[in-house]
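Notes to accompany the following structure.
Chain naming follows the written order as A, B and C, and within any one chain the residues start at number 1.
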Amino acid sequence: AAPEAPAAASAPKFTGMTEFVGTAIGDTIGLVIANVDPSLHEKMKLDPKFRSIGILGARTGAGPHIMAADEAVKATNTEIVTIELARDTKGGAGHGSLIIFGAEEVSDARRAVEVALKELSRTFGDVYGNDAGHIELQYTARASYAINKAFGAPVGKAFGLIVGAPAAIGVLMSDVAVKTANVELVGYASPGGGTSYSNEVIIMITGDSGAVRQAVLAAKDAGKKLLEAMAGPAPSSTTPYI
Amino acid sequence: AAPEAPAAASAPKFTGMTEFVGTAIGDTIGLVIANVDPSLHEKMKLDPKFRSIGILGARTGAGPHIMAADEAVKATNTEIVTIELARDTKGGAGHGSLIIFGAEEVSDARRAVEVALKELSRTFGDVYGNDAGHIELQYTARASYAINKAFGAPVGKAFGLIVGAPAAIGVLMSDVAVKTANVELVGYASPGGGTSYSNEVIIMITGDSGAVRQAVLAAKDAGKKLLEAMAGPAPSSTTPYI
Amino acid sequence: AAPEAPAAASAPKFTGMTEFVGTAIGDTIGLVIANVDPSLHEKMKLDPKFRSIGILGARTGAGPHIMAADEAVKATNTEIVTIELARDTKGGAGHGSLIIFGAEEVSDARRAVEVALKELSRTFGDVYGNDAGHIELQYTARASYAINKAFGAPVGKAFGLIVGAPAAIGVLMSDVAVKTANVELVGYASPGGGTSYSNEVIIMITGDSGAVRQAVLAAKDAGKKLLEAMAGPAPSSTTPYI
């Protein structure tokens, strides 16, 4: 499983920098800037109302980070400013990510990053991988603004994310999910559209919380069987949560 | 050669899923869906006439898969629906792929995937790699619909594909190819256009079958010399076929 | 540091090809074509005035190659024709590159490639990496046409390039740089815009040479601290030059 397993976070080292918040699984780093320089603020196209930003960036993983950011905006006085998905080389067939929180006070930005970093050990729980690829499942009973920003899913409703790589696996997982329960298919992304050319098929579903969860779990079972048929055991990155 | 060599297929494991067809070299998996769910069918923008799809997906390789799919559509009652190239991290400087066959009957979709999986050990034959990069050559005396879909090359005519990575090698291979024989240059792709930002220069040629084959072989000789100058021996992934 | 360290160039092997110029760090190869085939010339959209081209391509690194090419155009009778950035898998979170020099005489193209290959051991000097990512700093007191072509920075003025990966690090380095000294922010690139979906934030700065250098060095200090907090020592690829 080594080539596809996200790096666990080592103990954050002392940097002596006030901007440093911490690190987490997936080569993730959390930072804050109390007063973004005006010239940079403009080039980054930040909303003028935010002096401060929180920064969550990772080599491996986008779904776990978006889900963690979603909890962070629920828990803090911040907004999601941008979510960008890199075609990184650490995550195997998948994405890395850059998520920026906007806040009026740096203490809010810091708190959002802290919450997100802490959530990541949970949201990596249903990422399963082996040498042939990975699958990822995410579920929340109530989507907030990060999920809305990233996937266009409605705020306040149950949300499920289903990812399979190589993309072929994701196609089948998608079909299994939408046949399993009465859910609404919000989006479909594939190497040629909606991803940063990653080797994934990704669907986003919404609906009744029981139905969404059931669809996600059925997709998980199908995806794990296929990954295992390709390259043997495909363990969870941390501990399954769904 | 390890980092650039595609993974050989291990014996396909039993999955208990009727959708599973098999696996092949390059972390390739073949699947079928007998009746694609209507909501997914719509999001995938599939032609309504196809109830069934065959799915061929890989972490490593796009050219070999397109060539194999081309043989599969010749041999079966299917059509190529989509060909997508992922910027994967398993193929070194190159692409992974997702190819979808459309069929009215699932037995046809299954047969297409079976043919394609079987062809891959041949079509990987002129993929040569080492730690510095890879070159790929493909040739057919008669192009069919997968080649037409992917590269815009005329159906029924001889077709050659020439790939070099890093892209610098591909530029020189291209020049050697078109100077060697009287062939028509159908297309040119590079990191900045026509690829999914892969580090490859790719040309597609058509013309008289003898001329196309001669151009492809001359490009191979030049490309192998350059790869070998960078990082030593660059062996075939399987057995050369051209 | 292994996964992120660019490959050192081994002694270039004899290829027997007049087009081969040499190799360098970062899986870089240098080539020339004396008379580009007319059909390829057209597909590559080369300016008709250039019969000859020099080709500089790499698996790892774009900044070092652009800076090296910049010195090459200063020193030779050539122009920069294209600069393309691949989303390669060798450079970890970063880019590979393909740079083409145009020349009327092949001897000029060859000389440009030779100069660029030689410069690379210097321009890789302020690339620092470890398992978590990399940072890159570039500085010149006088930008020339490669820098202008790639980044839109003014010719003849001091120029600095600041890169951080994962992208989160680059955001903070950028803020530190523009706050340190009175420099002009020429450009900002991130995974979602201006890169080939690489996991980097990149800024380009111009201004008084002392100010640009000071800003670049401050960004370096911040970036190194963050990389080291993530994954320990982050050494230079060769020898720092700024």
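Methods note: a contact is a pair of C-beta atoms (placed from the backbone, for glycine too) under 8 Å apart; a residue touches a chain by one contact, two chains touch by 3 or more.
Computed from a predicted structure; not experimentally measured.
Touch-path distance (fewest steps) from chain A to chain C is 1. Rotation angle, chain B onto chain C, C-alpha superposition: 120 degrees, expressed as a multiple of 5. Chain A and chain B have CA centres that are 31 Å apart.
In chain A, the residues that reach two or more other chains under the touch definition are 87-89, 196-197.
Across the complex, chain B is touched by residues 87-89, 91-93, 131-133, 165-169, 171-172, 174-175, 178-179, 184-185, 187-188, 190-193, 195-201, 203, 222, 225-226, 228-231 of chain A. In the complex of the two chains, the chain C residues touching chain B come out as 7, 10, 12-17, 19-20, 23, 27, 29-31, 33, 36-37, 39-40, 43-44, 53, 55-59, 82, 84-90, 96-98, 100, 196-197.
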